[in-house]
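One chain, subunit A, links the two complexes that follow: it is found with subunit B in the first and with subunit C in the second.
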Partner chain A sequence: MGAIITLSLLGILVLYLGLYKAKNALLPVSILGLLLALGFEAYYWNVEADPLYSGMVIFDHFSLSFSMLCIALTILILLLSKEYFRAISNNIAEYYTLILFSLTGAILVCSYHNFAMLFIGLEIMSVALYILAGIRRNDKASNEASLKYFLMGAFSTGFLLFGITLLYGSTGSFDLAAIKQHIVDNPTGISPMFYGGILLLLVGLCFKVGAAPFHFWTPDVYDGSPILITTFMSTVVKIASFAGFLKLFSMVLVPLNEFWTPVLLTVVIITLFLGNVTALMQTSFKRMLAYSSISHAGYMLFAILSIGANSASGILAYSAAYGLASIVAFGGLILVKRQVGSDHFESFNGLGKRNPWLAFSITIAMLSLAGIPLTAGFIGKFMMFSNVMNDYHTVLLILAAINAAVGVYYYLRVVVHMYFMKSEAEQTVSMPVNFQVVFVVAVILTIVLGVYPDLILRFI
Partner chain B sequence: MGNLLENMQGIPLNHYLIFCSIIFVIGVIGVLIRRNVIIIMMSIELMLNSVNLLLAAFSAYLGDPSGQVFVFFIMALAAAEVAVGLAIIIMVYRNTKSVDIESLNKLRW
Partner chain C sequence: MDNLIILLLLPVISAIILAFIKTSSAKWAALVLSLIQLGLTIPFICHFVPDASVQFAASWDWINSLGIQFQIGLDGISLPMLILTNGLIPLIILASFGHDQKGGFYGLVSFMQAGLVLVFISLDAFSFYVGWEAALIPIYFICALWGDGDRIKVNLKFFVYTFFGSLLMLIAIIYLYQQTGGRAMSWTALTGLELTEGAQNWVFWAFFIAFAIKIPLFPLHSWQPDTYTHAPSTGTMLLSGIMLKMGLFGLLRWLLPLTPEAVMQYGNIALIMGIIGVVYGSIIAFKMKDAKRLIAYSSIAHVGLIAAGIFSFTQEGIQGAILQMINHGISVVGLFFVIDIIQRRTGTRDLSDLGGLASNMPILAIAFLIIIMGAVGLPLTNGFIGEFLLLKGIFGSAWNGVWFAVIGGTTLIFGAVYMLRFYQKTMLGPINDGHMSVKDVSGYEVLVLSILVILIILIGVLPNGLLHLSEASVTQLLENIK
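Moving on, here comes the complex of A and B:
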């Protein structure tokens, strides 16, 4: 709870700093506040985990570790923002505030124990993002992304709420523990309404995490939003939504898995193929990353498909690897785009000569996203695949392996462009200090997690 | 209050369920086929309000007030969402001079 209160107050404080024109204090204050919140989360690690505030929230190891991951990734993203927001507008305090509020919502989603908190957390998280997606007010692509994100977000909230209502109607409670008790007590007498509710919840949550066939907003929104906001959306927000998704299914709906497994299996297969095959055909690096994030959602759904003792730590490892690699990839894109002015693959031509260190970081990130051994991405994929293998979903495993191979092709395409293609422009790409810090941290973490996966797997 | 509960329970629960589902589906269809952004937003409101009505009905039948409290949460957050949404629509209108969703075609797969 300390972290949630800290972040809410921090958001208001940053807004006031903006009011009093203390522009240089915005970033340090935000980072300090985030570190404080991280400290609070670490402090609660050894406290007995009981549902607090009439069973509204729970801070167990599951929610604490996902919250800490979200806060840490936000710190990295904010470090990248140093000059980024200034180029957009003079009033940058609002952007920091909105990111902090969105993070507050993400932490609520990680730690809910009652559907009311899930709903409120998702709304806090997304409403702030609707605005952030449109912060380039005169850019039509940014406008379009903002409007599409708003319409699809509100639409999916409707499905989620209808699902929650049907669950409430058949069990008489919004509390996760009470609903679980209801399922355990009446193994045969569960009303059809409850099943309808599960399906609608599934639709709502698949919209939020961007799984096919409810993914169609993702590429447009990720492509149109400013790159830094896309980074936040595709890492923190996605990870938090997955934590909420996994918590609901692993805590409450496990006994009914015969009902929802076929549905989710279909979703996973469509998601994998759609994400990977469409990513192959992209000419823009940013849009390729958007489609790849769809296919990563498919891999992460594996853990929900075969829920077991390892699901939570598997998703944690996968999302940590995915988050770190995405931050490096998008950060590299920011630098390249600043220099060349385009986000197509061609703008990466010759980067290996123009800035070897940047090219090396992006290469590590791509290898991690593709799941090559000795990077964190491999550990994530390995955990997901072994989960599914234990459940004997052989067909799914084969399809996933094909998709992983397809993924290697389009991730390595940018590496080929960096090292083996000549560019017309020979000037070097400069790299500010804050970018260097973030890249060093992210690359080292990616390799360390790939070599010693125990560091993250023993968390939950 | 007791009188109101009796009145609500005078109608079978299934009728509420069917009625709310129909309103919800009207909302979904509205979002999918209408091209005017304002009307899409109205359809989304229709979806949320059908949920509110259903929650109130369940709450009356189960004799449990938490459903009605949830309705307040939904109303408050829907209002916040609409405030942001209208601001976004105005921003788009300033740039495109149109509220037609087809005018937004810069991003395509």
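Moving on, here comes the complex of A and C:
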């Protein structure tokens, strides 16, 4: 709970700092506050986990590890923001505040124990993002992204809320434990209303994580938003949504898995193919990452399909790998775009010569996203495949293998452009210190987690 | 120093050191480091007792929460492969001296060596897979960065093709891992599983396709000629000399013991694929004008015969296969080196533009002749022993072995024809006017060629040392699957 309070207060504090023109204090204060929140979460690690505040939230190892991952990733993203926000707007304080509020929502989504909290968390997380997506007020793409995100988000929240209502209608409770008890007590007498509720929840959550066929907003929103906001959306927000998704389905609705598994299986297969095949056809690096994030959502849904005990640690490892690699990829894009002015693959031409370290970092990130051994991405993929194999979805695995091979193709395209193509512009790409720090941390973590994954798998 | 892990760590450390050397002294550093690696391998060869046991075994806890341990060790099948890897890489590095490469290049070679060593010494499926992929990344960069022609497209095809195979293998590995209850990845645990017939069948095909792509066996070979042709000569040597042995080795170490019943059921298909490859590769090689392409197709023929020997399930066949893997490594490195020498001097490797080089390059002509003798398997060369054992093994196999041996035997004749044609078109006949002033080999080139020639004759005359190493392990392998 300490983390949630800290972050809420921090958001307001940062807003006041902006009011009093203390622009240089914004970043240090935000980082310190985040570290404090991280410390609170770590402190709760050894405390007995019981639902708190009339069963509203729970801080068990599952919630804490995902919250800590979200906070850590936010720290990395904010470190990248030093020059970035200043370049696009005068009101920098709003950025920090909104990101912090959104993070607060994300942590609530990770730790809910009551549907009311899930809904509030998702809304806090999303509303801040609707503004962030459109924060470049004079940019048409940014406005379009914001509007699309808002409309789609509101739509999906409607589904979600309706689902929650139906579940409440048939069980008489918002509490996860009570709902689970209801399922266990009435193995045969589950009302059709309850099943309807599950379907609607599934649709709402698939919207939030950007799984096909509810993914239509993702590419445009990711493409139109400022790059750092896209980074935040595709890492922290996505990971938190998955944590919420996983908690609901693999902890509460597990006994009914025969009902929702076929539905989810269809969603997974469509998501994998759609994300991958469309990513293959992109000419813009940013859009490629947007579509590839759809296919990653497909892989992460594997964890929800499998009901084994390892699914939580699997999705945590996958999220960590995916988050770190995405931050490097988007960070690299910021630097390249700043100099070349375009986010097409061609802008990366000759980067191997123009800035070998940047090219190396992006290569490691791409290999991790593609799931090549010795990177964290491989461990994530291994865990996902392994969990699904546990339940004998062999056909799904074969399809996933085909998709992974397709994925390698488009991830390597960046590498091809960086190393094997000559650039017209010969000047080097400079790399500010804060970028260097973030990249070094992310690359080292990616390799360390890839070589010694126990560090993260032990968590849950 | 009697811990195998040193052979894995040294190349990784070398790779990091080499990556930072920006001057042309990188090649010397690379050579010295690879010679140290070779020197460290020798004690293991000397202390190896040629029985069927796993020696120098070591294991560490790796991923405790998944029950995965890091296990390595040597037996009579992996030791020859380790000798091949650590012996050939110094030669390959020496052979690249004419290209003046920088540290990054040699760093990748060293990193690849680490992957190859891991594949050969690992005794758990997880580290085997890690090594398998870790060898692929550096060779992709070597081929795509320093290759020629349509290198980007060709290597992307190579990468995606082999990666898809690897993923199939990964799925099979995960399946086996789940069969142990998600607790063990070790070779002993996985081979000890009692799999149902259906499970064996698909695990067999998943592993077999992964290995067959890497080897490559007909009809999964389509990445190979282009990749070999457009790779830099060092890359081609690494690919054909060592890397494809990963696939053949994988058959022996993993496929045969894992799914013995499926192997007995489908082994004849694999045998036929190998024999088709022999005939197909030989015929196409005969038609090729590009020297590199010629050797690429001849390589398909050679590895086809090796695979057929493995699937003959006879003592001679498998021992011959292990010996022939080493022989093929030596001869193919020699052949690609000769092509490299010719290309650097004349600027072409097109057979129709070449000829008569023997008059200006007598030393090369002699060495080249001996290497070709080895490649076609003339008596007193290493190729003879290998091919003889392979054919004898195929002859004795349970499925119409006689006919396969007869068809495979024609490869010897075919091989002689296209290899001699290759020799004649480059060394004999009228010389191209532009090539009147080419100089004979000198310095490091003579050194590389002499070492290769000595090895070819030495193994040809005294093959027992190498055969003795693998004898007991192969006997045990055959007992286990029958």
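Keep in mind that, in the parts below, the second predicted complex is superposed on the first by the 460 of 460 C-alpha atoms of A that agree within 3 Å, B and C clash if a C-alpha of one lies under 4 Å from a C-alpha of the other, contacts with A are read in each partner's own complex, and residues count from 1 in each chain.
Here, contacts are C-beta pairs under 8 Å (C-beta built on N, C-alpha and C of every residue); 3 or more make two chains touch, one makes a residue touch a chain.
What you see is a predicted model, and the numbers here were worked out from it, not measured in a lab.
Peer 1: Do subunit B and subunit C fit side by side on subunit A after the overlay, or clash?
Peer 2: Fit.
Peer 1: Answer with first, second, both or neither: which of subunit B and subunit C does A:155 touch in the superposed model?
Peer 2: It touches subunit B, and subunit C stays clear.
Peer 1: Regarding the shared-chain residue A:257, is it in contact with subunit B (first), subunit C (second), both, or neither?
Peer 2: neither
Peer 1: Once the structures are superposed on A, label A:8 by its partner contacts, choosing first (subunit B), second (subunit C), both or neither.
Peer 2: In the superposition, A:8 contacts neither subunit B nor subunit C.
Peer 1: Touch test for A:420: subunit B only (first), subunit C only (second), both, or neither?
Peer 2: second
Peer 1: Please work out whether A:127 is in contact with subunit B alone, subunit C alone, both, or neither, and reply first, second, both or neither.
Peer 2: After superposition on chain A, A:127 lies in contact with subunit B alone.
Peer 1: Looking at the overlay, does A:367 come into contact with subunit B only (first), subunit C only (second), both, or neither?
Peer 2: Once the two structures are laid over each other on A, A:367 reaches subunit C alone.
Peer 1: Identify the partner contact of A:401: answer first if only subunit B is touched, second if only subunit C is, both if each is, neither if none is.
Peer 2: After superposition on chain A, A:401 lies in contact with subunit C alone.
Peer 1: Given the superposition on chain A, which partner contacts more residues in subunit A: subunit B or subunit C?
Peer 2: B
Peer 1: Applying the document's definition of touch, where does A:386 land relative to subunit B and subunit C: first, second, both, or neither?
Peer 2: Only subunit C; A:386 stays clear of subunit B.
Peer 1: Please provide the least distance in Å between a C-alpha atom of subunit B and a C-alpha atom of subunit C in the combined superposition.
Peer 2: Least C-alpha distance after superposition: 25 Å.
Peer 1: Taking the stated contact definition, name every residue in subunit A that is touched by subunit B in one complex and by subunit C in the other, in rising order.
Peer 2: In the superposed arrangement, which is not itself an observed complex, subunit A uses no residue for both subunit B and subunit C.
Peer 1: With touch defined as at the start, can you tell me which subunit B residues reach subunit A in the complex?
Peer 2: Where subunit B meets subunit A, its residues are 17, 24, 27-28, 31, 37, 40-41, 44, 47-48, 50-51, 54-55, 58, 62, 64, 66-67, 69-70, 73-74, 77, 80-81, 84-85, 87-89, 91-92, 95-96, 104, 106-109.
Peer 1: Any idea which subunit C residues touch subunit A in the complex?
Peer 2: My answer: residues 62-66, 129-130, 133-134, 137, 141, 144-145, 151-152, 156, 159-160, 163-164, 167-168, 170-171, 174-175, 177-178, 182, 202.
Peer 1: Per the contact definition, I'd like the list of subunit A residues that touch subunit B in the complex.
Peer 2: On the subunit A side, the touching residues are 115-116, 119-120, 123, 127, 130-131, 134, 137-138, 140-141, 143-148, 150-151, 154-155, 157-158, 161-162, 164-165, 168-169, 172-174, 193, 216, 219-220, 223-224, 278.
Peer 1: Taking the complex as given, what residues does subunit A use to touch subunit C?
Peer 2: 310, 313, 367, 372-374, 378, 382, 385-386, 389-390, 394, 397-398, 401-402, 404-405, 408-409, 412, 416, 419-421, 452-454, 457-458
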